[in-house]
Amino acid sequence: MSIGLFYALVGGLLFALGVGGLILRPHLLSKILAFNILGSGAFLVLVGLGQRDGTPDPVPQAMVLTGIVVAVAATALALALARRLLDLSGDMVLPGEKAADEAEAGDQEAAPGDGPRGGA
Amino acid sequence: MMTMVFDPASWLILLPLAWATLAFVLGAGRGARLALVGLGAQALLALELARRVRDQGAHAHALGGWPAPLGIELAVDGLAVVMLLMTALVALPLGLYARAYFGAKPKGGAWFWPLSGFLIAALNALFLSADLFNLYVTLELLGLAAVGLTAAAGDRMAVAAALRYLLATLLGSGAYLFGVALIYGTYGTVSLAALAPLISAEPAVLLALALMVIGMLLKTALFPLHFWLPPAHGGAVSPVSALLSALVIKASFYLLLRLWFGVFEPVATVGAAQLIGILGAGAILWGSLLALLQTRLKMLVAYSTVAQVGYLFLVFPLATGVSPEAGVSAWQGGIMQALAHALAKAAMFAAAGAMIVATGRDEIVGLSGVGARLPLTLFTFALAGVTLMGLPPSGGFSAKWLLLMAALDSGQWWWIVVMMLGGLLSAAYVFKVLRQAFLPAPGGSAVGRAPRALELTALALALGGILLGLFGAQPLALLEAGGGR
Amino acid sequence: MSGDSLLPLAVVASSFVPGLAIFFLAESRHRLRSTLNLFGAFAKLALIGYILWGVLHDREFVFTHEVLPGLDLVLKADALAMLFVTLSAVLWLFTTVYAIGYLEGSPHRSRFFGFFSVCVTATVGVAMAGNLFTFFLFYELLTLSTYPLVVHRGTEQALRAGHVYLAYTLAGGAVLLVGTVWLYGIAGQVDFVTGGVLDHLPAESAPALRIIFLLLIVGLGVKAALVPLHGWLPKAMVAPAPVSSLLHAVAVVKAGAFGIVRVVYEVYGVEFAHTLALLAPLALAAAITIVWGSLRALFQDDLKKRLAYSTVSQVSYIVLGTALFGPVGTIGGVVHLVHQGIMKITLFFCAGNFAETLGIHKVSEMDGVGRRMPWTTLAFSIGAFGMIGVPPLAGFISKWYLGLGALEAGIPWVLAVLAASSLLNAAYFLPILYRAWFKEPPAAWPHEHIRARRYWETSRLLLLPPLVTAAATLLVGLFAASSWTPLDWAKLIAAREYLRWVP
Amino acid sequence: MSRWLGVSVVLLCTLLALALVGAMLVLPDAPVRLPGEVAQRLGESGVDHAVTAVLLNFRGYDTLLEVAVLLLALLGMLAAGVAPLRPAPFAADPLLVALARTLAPLMVLVAGYLLWAGAFRPGGAFQAGAVLAAAGVLLRLAGFLPAWNAPALHLRVLLAAGFALFLLVAAAGLYFGAMLRYPQPGAGALILAIETGLTLSLGLILAGLFLAGPETPRARGGA
């Protein structure tokens, strides 16, 4: 197995992990992290599969650079919106996903209701 | 070489990017006039491009002078140009509408112009791109612009809706990107033209197709992946709702059409198409039912979008693995439905926005007296409803006619039942609104006026939906001239 | 595109354009609104007169526009179209005059007259449709434009009636659409052609054609109020009287019946329909409707409801005539299209007059009304006698030809149906006339809105239309045999439909 | 979310992972190989580094749109509304202040180097911009830069300048036959100009994504 293919396989696992996390984890920070994990998985596959025969391929490398910037932009927007939601509702969880949130309250950073309401 | 200087395809991308950037530099709340000039020019460009496709057929541009597979190509064909025309002709009246709307209600409009400029640029770029990875970038551009616009309403519900929308759209494009990665790994290229002769039923390719399809279904909000749409479209400010419902969801649908009936045609199966069709049927029935149950006007219209999206996806079972005639009919019907829904839903959200401006509230029960005070807007809503119900003469009817024809031609009668039921259900929710608006206003009428420009631009869009039904042969001829399927 | 091909479009536009203008008119501009209304009505009549003259001189008036590849919108002035279009244009004029008087001073008149004009536009479109698709288009437009008229009063009862109306007609429209698309799929563009267009199809499509026929008849039967699809009609009575007149005499119900005539004669062709054995079931459905409608009418105390059930019954005479194989039956059916319209509009005008002038809504309140409103009651009596079929009134002519047609077609039981129905007609109309003319009037009327002034028992605009239509009921019967009467046209149409017919 | 849904999502993701791994293990050789073509055309691209050539020339259009995406993220953030201004969280920390003073000029220098190096070795506008942005973040944390509520005109001009320049070059390419086509002898210089503009704007945008965002709630309690 070439190192490229190995990266790609790991990328596949990360992608599946990220998808699961994005769907299942209620806390917004977890979701945003999960998105980054699944994106990284896709990048690994893009670069890894492209050079599984051992020769470096600049095309997917450039694509991944583009992809990373896009992912950074998306992450920044997601974080900003999550913070805005925290300001407005005092909560880092999307409405409707509360039930699971309480079940996992132990590993959450900010307990719901702790945030500054209305940016006081 | 000088001829390229006025190349409409390139300018359709450059121009909205340019005015969006300028509008950003001008600052919050500015840039409306600039944007309207840009939108007007865009309509002319799209018409010019359509003329070229009609006379010369489909053609491609190698960007930077680097032909695929090394570089990225723009492909101008019938389908692309029809979608570009749709975008231009819906965006222009919506632009006028938005200017009047934010004139009356400035909240949420601070960065509307640059955001919508990027949104329109993303749409145009997406419709023209012939490169899987570039399509990913346009999808992200579109998604972020749409989310930014949704969040601009600024209240708690809107921000939550925007986040949900963002996460859904990121998951969708993530799945798509993974598919692209698999395709590049398998074939060493992401150019659609280069891939077309290569595609074969490798496991990786099938997986890639599955991931891309699921990603696009999520972005188009096909039942049961529609959860993000109603709060986002219903919670945004009205001009934004109109843009999102009319145009944005069409982009991912378009991409799916492109992939399914384009490069991936050799590996697309009837079974998968039927499955998509079943989801479409679910969308039609479930979306209509929920629309009927809504108490807020814009949520009703948003759920109507969920239902109407279902009709779009009937193309897949009706055009996969059937006779050529049925296939063409279904294909035309699907595109007609996309166009008709774009016009009608833009009109309906615009009309809803005018009603909300006038009544000051979003509840359906608050609409009493609107019929007497805003007859023009109610008329607009009804006309848009005619298209959504699929009654003649309207683009919606033409779409239904073509889809029914395809269903009968290919012996798939079960879709007929779904379409008929859906039509009746949509009548039920449209008339729920009309009926309420017909009632006299309760004592101490609170119905004010809406700016005339709001009413007229909404009416223009609704009339567009009707005219599409009377002159549907023209876009279909354009589709044909540009290479058909 | 020549002027001749645009004329059918102009006929349609002559009510649509004023309708749109009225729609956006301020509520207070009643003089301008009336002018527009009457201008539209007269313009339409003039155009139709010109076309009739042209048709007589062998000119063709066909408007064609491609909507989708292989799908044309066609408006055409053929014999059947001209019969119906003339009827609707003439009756529209009277109804407009009547409505102006009826709605004087009531709110939302711009909306009312706007939709009223669109409704007539749709009816004219239905009449002049040159193919099944065009017919469907205007048929649905008719549904949409009549809904606001039905719910015009905005009361809870009106809104409920509107709901029922929509549920029936939209579902019917959906069924009609499926039938239409299916037929287009099998036969290509389905133009209305004298003698039908389907007999060249291969024999194996016969089962499909039978199902399609059923779909089309069910779709059309909703508006034509064939039992058991008639449930909406009595409920729709809550609409203002001019609307009821229009609904019953020319627009909705008639569009359904007219559609059945078109489908049988000019899509399937009456001879081909006969070979497919489709006519007998249709005749049976019509017969059941005729008897059932009359029976139900007998038990209604509400005057308009009684008239509504009477419509259910009377409109099926048209369907019955269509289903009788043979030219004489055809004449009966087609001529009743016109005769029923004239008679029924008279009756509804009168019912509206009683309600508007004296507040009378029920049969039981009509004692002695003939003394207070002799002219209206006279017109009502002529209409009622016409419905019963007393010679020499219009209804007699229809029934005479229907009876002869039944004998010709070899279905004698139809005679029994006709006889029973006439008896029932008499049973539910004569008591009204007896009350009105011979009973003592009450001390006070329920709600006397309009006081009598000199010769005028009620407002002029309300009185003149029923008198004119009542006179017409008499005249088309008396002079049925002369040329240019509805009967004459019906004979012409029948002669064309049976070109290949050998008795 | 119900337990059943959770279990089924986990199951589906496991299946997905297995399918992905399986499919990648049986992949045939790719019929199209781009590295050779990139190497062949590298001479015409105006730069010596293959990735930069792809990024800014062969697939420069992707990069153009990608910069738009970044600008858009900032716009989206502004549209959603930023929290009111608050003091910098760690302005009182002398160690951080000293560090920022020392590091910031150095980081600007590194950014310049990265920009210049991009033409022939790993580096380029994005890396340079990222370092610039990091300097901005550091300066903000230490209290040297104010937070943004809404960027003023001069700032908006700078934020948009890199993208606007790129857009102009893309449009000018039409004169030479295609959008984003560079004139042959001047390609290298144009790419460097674009990258310089981008470095500045990207640095500002990336920093802006931090600076325009609301303050962390923890800062409320005092550092």
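Per-chain numbering from 1; labels A, B, C and D assigned in written order.
Keep this in mind: a contact is a pair of C-beta atoms (placed from the backbone, for glycine too) under 8 Å apart; a residue touches a chain by one contact, two chains touch by 3 or more.
Worth saying up front: this structure is predicted, and the values here are computed from it rather than measured.
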A-B or A-D, whichever has more C-beta pairs in contact: A-D
Chain nearest the global centroid, as defined over all protein CA atoms shown: B
Length of the line joining the C-alpha centres of subunit B and subunit D, rounded to whole Å: 30
Subunit A and subunit D, separation of their C-alpha mean positions in angstrom: 18
Distance from subunit C to subunit B - Cα centre to Cα centre, in angstrom: 43
Shared interface positions of subunit C, touching two or more other chains: none
Where subunit D touches two or more other chains at once, by residue number: 20, 24, 27, 34, 38, 58-59, 62, 66, 69, 72-73, 76-77, 80-81
Subunit B residues counted as touching two or more neighbouring chains: 133, 137, 140, 144, 147-148, 151, 159, 162, 182, 185-186, 188
Listing of all chain pairs that touch each other, if any do: A-B, A-D, B-C, B-D
Footprint of subunit A on subunit D - complex, ascending: 1, 6, 9-10, 13-14, 16-17, 20-21, 24-25, 27, 29, 34-35, 38, 50-51, 53-55, 58-59, 62-63, 66, 69-70, 72-74, 76-77, 80-84, 126, 206, 209, 212-214, 217, 220
Contacting residues of subunit A [partner subunit B, same complex]: 8, 11, 15, 18-19, 22-23, 28, 31, 35, 38-39, 41-43, 45-46, 48-50, 52, 60, 63, 66-67, 70, 73-74, 77-78, 81-82, 84-85, 88-89, 94-95
Touching residues (chain side subunit A, partner subunit D) in the complex: 5, 8-9, 12-13, 15-17, 19-20, 23-24, 26, 45, 49, 52-53, 55-59, 61-63, 65-66, 69-70, 72-74, 76-77, 79-81, 83-84, 86-87, 97, 99-100, 110, 114-116, 119
Subunit D to subunit B touching residues, read off their complex: 19-20, 22-24, 26-28, 30-34, 37-38, 41, 57-62, 65-66, 68-69, 71-73, 75-81, 150, 153, 156-157, 159-160, 163-164, 167, 170-171, 173-182
Touch list for subunit B against partner subunit D, complex: 1-2, 4-5, 7, 10, 13-14, 17-18, 21, 24-25, 27-28, 61-66, 69-72, 110-112, 114-115, 118, 121-122, 125, 133-134, 137-138, 140-141, 144-145, 147-149, 151-152, 154, 159, 162, 182, 185-189, 194, 198, 202-204, 206-207
